[in-house]
Amino acid sequence: MKDIQNSPDQRGIEIQQVGVKDFHLPVLIATQSGSFQQVLGRITASASLPREFKGTHMSRFIEILAEWSQKPISGREIKLVLKEICSRLAAPAAEIALAFRYFLPVTAPVSKIPSPLDYSCEFHGRLTNTGQAPAYDYQMGVEIPVISLCPCSKEISDYGAHNQRAMIRAWIRCRPGRYLWLEELIGLLQEQGSSRVYPLLKREDEKFVTEEAYLRPKFVEDILRDCVLVLRGEERITWFRVEVESFESIHNHNAFARHEEGKK
Amino acid sequence: MKDIQNSPDQRGIEIQQVGVKDFHLPVLIATQSGSFQQVLGRITASASLPREFKGTHMSRFIEILAEWSQKPISGREIKLVLKEICSRLAAPAAEIALAFRYFLPVTAPVSKIPSPLDYSCEFHGRLTNTGQAPAYDYQMGVEIPVISLCPCSKEISDYGAHNQRAMIRAWIRCRPGRYLWLEELIGLLQEQGSSRVYPLLKREDEKFVTEEAYLRPKFVEDILRDCVLVLRGEERITWFRVEVESFESIHNHNAFARHEEGKK
Amino acid sequence: MKDIQNSPDQRGIEIQQVGVKDFHLPVLIATQSGSFQQVLGRITASASLPREFKGTHMSRFIEILAEWSQKPISGREIKLVLKEICSRLAAPAAEIALAFRYFLPVTAPVSKIPSPLDYSCEFHGRLTNTGQAPAYDYQMGVEIPVISLCPCSKEISDYGAHNQRAMIRAWIRCRPGRYLWLEELIGLLQEQGSSRVYPLLKREDEKFVTEEAYLRPKFVEDILRDCVLVLRGEERITWFRVEVESFESIHNHNAFARHEEGKK
Amino acid sequence: MKDIQNSPDQRGIEIQQVGVKDFHLPVLIATQSGSFQQVLGRITASASLPREFKGTHMSRFIEILAEWSQKPISGREIKLVLKEICSRLAAPAAEIALAFRYFLPVTAPVSKIPSPLDYSCEFHGRLTNTGQAPAYDYQMGVEIPVISLCPCSKEISDYGAHNQRAMIRAWIRCRPGRYLWLEELIGLLQEQGSSRVYPLLKREDEKFVTEEAYLRPKFVEDILRDCVLVLRGEERITWFRVEVESFESIHNHNAFARHEEGKK
């Protein structure tokens, strides 16, 4: 049976990424505690395609991903997956993005009742094998729901202040081999809103959260700047992009702030 | 060229709906003021298929919809579109759903500055031509952003109260020929939240909205009940379904309430 | 601390549904083989609210759901969850919808290589405890990707035929206590397209699937009718709604067919 | 009334982007023919925020956008909007993204019947006013539905070939002042699939499209490379990114290819 993908191509174009997109698979995520958490992964995986070849072999991505779905994954394993893609597809470069909802137990502030909060997360890796030493670029992304309470609204109003759910989204790069755990990055950032959010709040907790938010009014600009300070302060992080989006209760559109920064 | 759709089918099954889904088209919506507003329509249109025929003729839906997109549409025209579908497809019944964002000018409460607010709306019609007189069922749906401010949070907290954007979604049926305008239905319902939302608010407006919401705390249950009272009170309405969804600022999930009711 | 939710309400309106929406939680789904599969659940849960009370207690939904997330769930357990909601919220009725991606191993048709295919599924239950015996209504929904190949295109063309991914979506009700497993319902329906889809296909499999689809051309109407025959034939099923949506390769919109039917 | 936004900030962080997101507004798009088309715009607009200030003035974005929504917009006007944002917000830089569905008439290949096809488009501009001459970066993006027919499937199968809807997504930058019209960019790229898609096809057209696709089998890699050749060949373009995503009929996931390239 003819292998059309392997047939030569005359256009002389090396393609940077060819692969599969929005492939769903249960995946194991390595946890900080040394165990793992099973999540629903949405995966995009690709390889570069040398100019000589007409097409890539898409089924190999599925084979590789299905095998890896049995083992706990972190930034380290993402690199191994990429190595395997490069090797089995004879590709000079490969890229993968793994998006998933990750759950961490949070504790209600007064009643101390625990409940599981979901955070949208992403692992993103790129391995380039051209010429000299292979280059590995790895980013980790998290999305953290918080409360934002408007300082202007509080200041100008005789009582109350508009507030709403807001999302802190951060992507980071780390020094080689010195990755943060999801738990660490989430821990750094989820204190930066006016208050935190919880799946389960009893009345005494709701009082606490309401008052805490009122005492810590923050614009999206404030939340963003506080995130920037925290991300600058973590010495393992070499680059970050952070965005805060606030689903304004007084509008039908959102407010946002975004910032990106590399460190020397 | 053989007309496969017209070939006979042996399975003996009359299909209730066959047609096109998620077809996008600019459409003109008749306004209460006697003019029209051009919107981006997302359309699902279908006809029933008698047991004798293998398939429907999908291209005729597009022809009919493209022609109608030139004329201002309201509940009355939806019926004419359905008549035309029944006639040109030789179908005993037809159904259409037209979803769109509709813009109405709103006026900031203190500065009186106007700005255009978007409401997601839907016209839904079904015409059945079986046996005796044709039956026309018409529903209109609107989605209205408002603020909800939690009465419990206000009561138990020493200061502040959590609040957030909430959506009132209502679908109504009316007495034959006595339709409400979108403007009327929106007008009835948008006063039922803790306060209204606006695209454009100056500081004096923000103060007003913040304080109004604080003075009118409402659970989703309260907003829903107030909507029910208003919808019961409008004598042209014979049936309604109403839902309130509140994007809770203190959680990563939403609160909602829903109710459906016919009148004698 | 005052319990505002428990305070009396004067509007005299019993609300049909009040609760939480789009709450995410890892959940265990009971499998046909007697084991279970962990999935990412998206949950909407509600209770009716008697006219006397101002509000429901939202945190109890989270408590109940978090507890149940530890035990394998099927149609039977959904009823127990609803009983618990009614009891702990003193509500005459409760409703729950649990949506999730479910994975089943499929075997490539020629190479026999297995790979995991994802199906979007939903459990939906409603328990009503008014007056006499409690009434339990339970629906199960599945979404099954298949190939549809157009019989008209095949007939009129000298070579080839347009085809595309299509989705079969079915919801069923069963005789009391005689539920189908997800595996059974999926098994009945996934043979009804022009051919099946697979995550992993080697070349010999791709040849098989391509040719099978070409030999079994089906309109959405055909797939729907074949699904209707199969659903009518399964005696445990008392009601069904089935929809086929085909992401037409030759258009930027979709074709669909839908049918609903109760049995005596 | 105190202007909290104008109060000084001590953290010393200049924020790159602060503004409004997902604001909906009817907008006029300048057409190649010298007229304009009204579309539904989804807008994100932001300004940079100097380190001295605590917050930006969000309502001014809405004022500026509402005014500009009355005038036909192209790449040139985007720059003027950005100038106005910089000026009215006293900001050194501003950014805007305007996404919308744009309709162009397409003509069925044999019957010559016209119908309106929708293309998702985006204008994206960034103006930086720091130090010397202001820098204006402008990108235009289009999404074009086409058919992809698999060369491997055709080659190895005795009859038929799997095919599906695919999306070509392209973003371009142009030489200063030498912008392409949406109509031009769409015209260049929509010929690069196995065949084009149309809202309205009569049987003779469907035969044409089916056979054309069968005679022009293309992997996502092929479509991408042909797009690259065309984009390289248009001398007004100085940079492009192009992606092809194919909603594989034989899988429940997609295939894609992506490439980005600057020209000297």
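Each chain carries a letter (A, B, C and D) given by its place in the written order, and its residues are counted from 1.
Definition applied: a contact is a pair of C-beta atoms (placed from the backbone, for glycine too) under 8 Å apart; a residue touches a chain by one contact, two chains touch by 3 or more.
This one's a predicted model, so the numbers in the text were calculated from it and none came from an experiment.
Q: Count the residue numbers both chain A and chain B use at their shared interface, divide by all numbers used there, and answer same if that is over half, different if under half.
A: On the two sides of the chain B and chain A interface, the residue numbers are mostly the same, over half being shared.
Q: Farthest chain from chain B, going by the mean of C-alpha atoms per chain?
A: Result for the farthest chain: A.
Q: On a C-alpha centroid basis, what's the spacing between chain A and chain B, in Å?
A: 36
Q: Please report how many Å separate the Cα centroid of chain B from that of chain D, as a whole number.
A: Going by mean C-alpha positions, chain B sits 29 Å from chain D.
Q: List, in ascending order, every residue of chain A touching at least 2 other chains.
A: 1, 23-24, 118, 152, 156, 199, 201, 203, 207, 252-253, in rising order.
Q: For a test of understanding, state which residues of chain C touch chain D in their complex under the given definition.
A: Going through chain C, the ones touching chain D are 117-118, 145, 147, 149-150, 152-153, 156-165, 195, 197-199, 201, 203, 206-207, 209-211, 213-215, 247-253.
Q: Mind pulling up the chain D residues that touch chain B in the complex?
A: 1, 3, 23-26, 38-40, 59, 62-63, 66, 101, 103, 115-116, 118, 199-204, 207
Q: Taking the touch rule as given, give the residues of chain A at its contact with chain D in the complex, in rising order.
A: Residues 1-2, 4-5, 9, 11, 13, 15-24, 44, 46, 49, 54-56, 58, 151-152, 155-156, 219-222, 224-226, 228-229, 245, 252-260.
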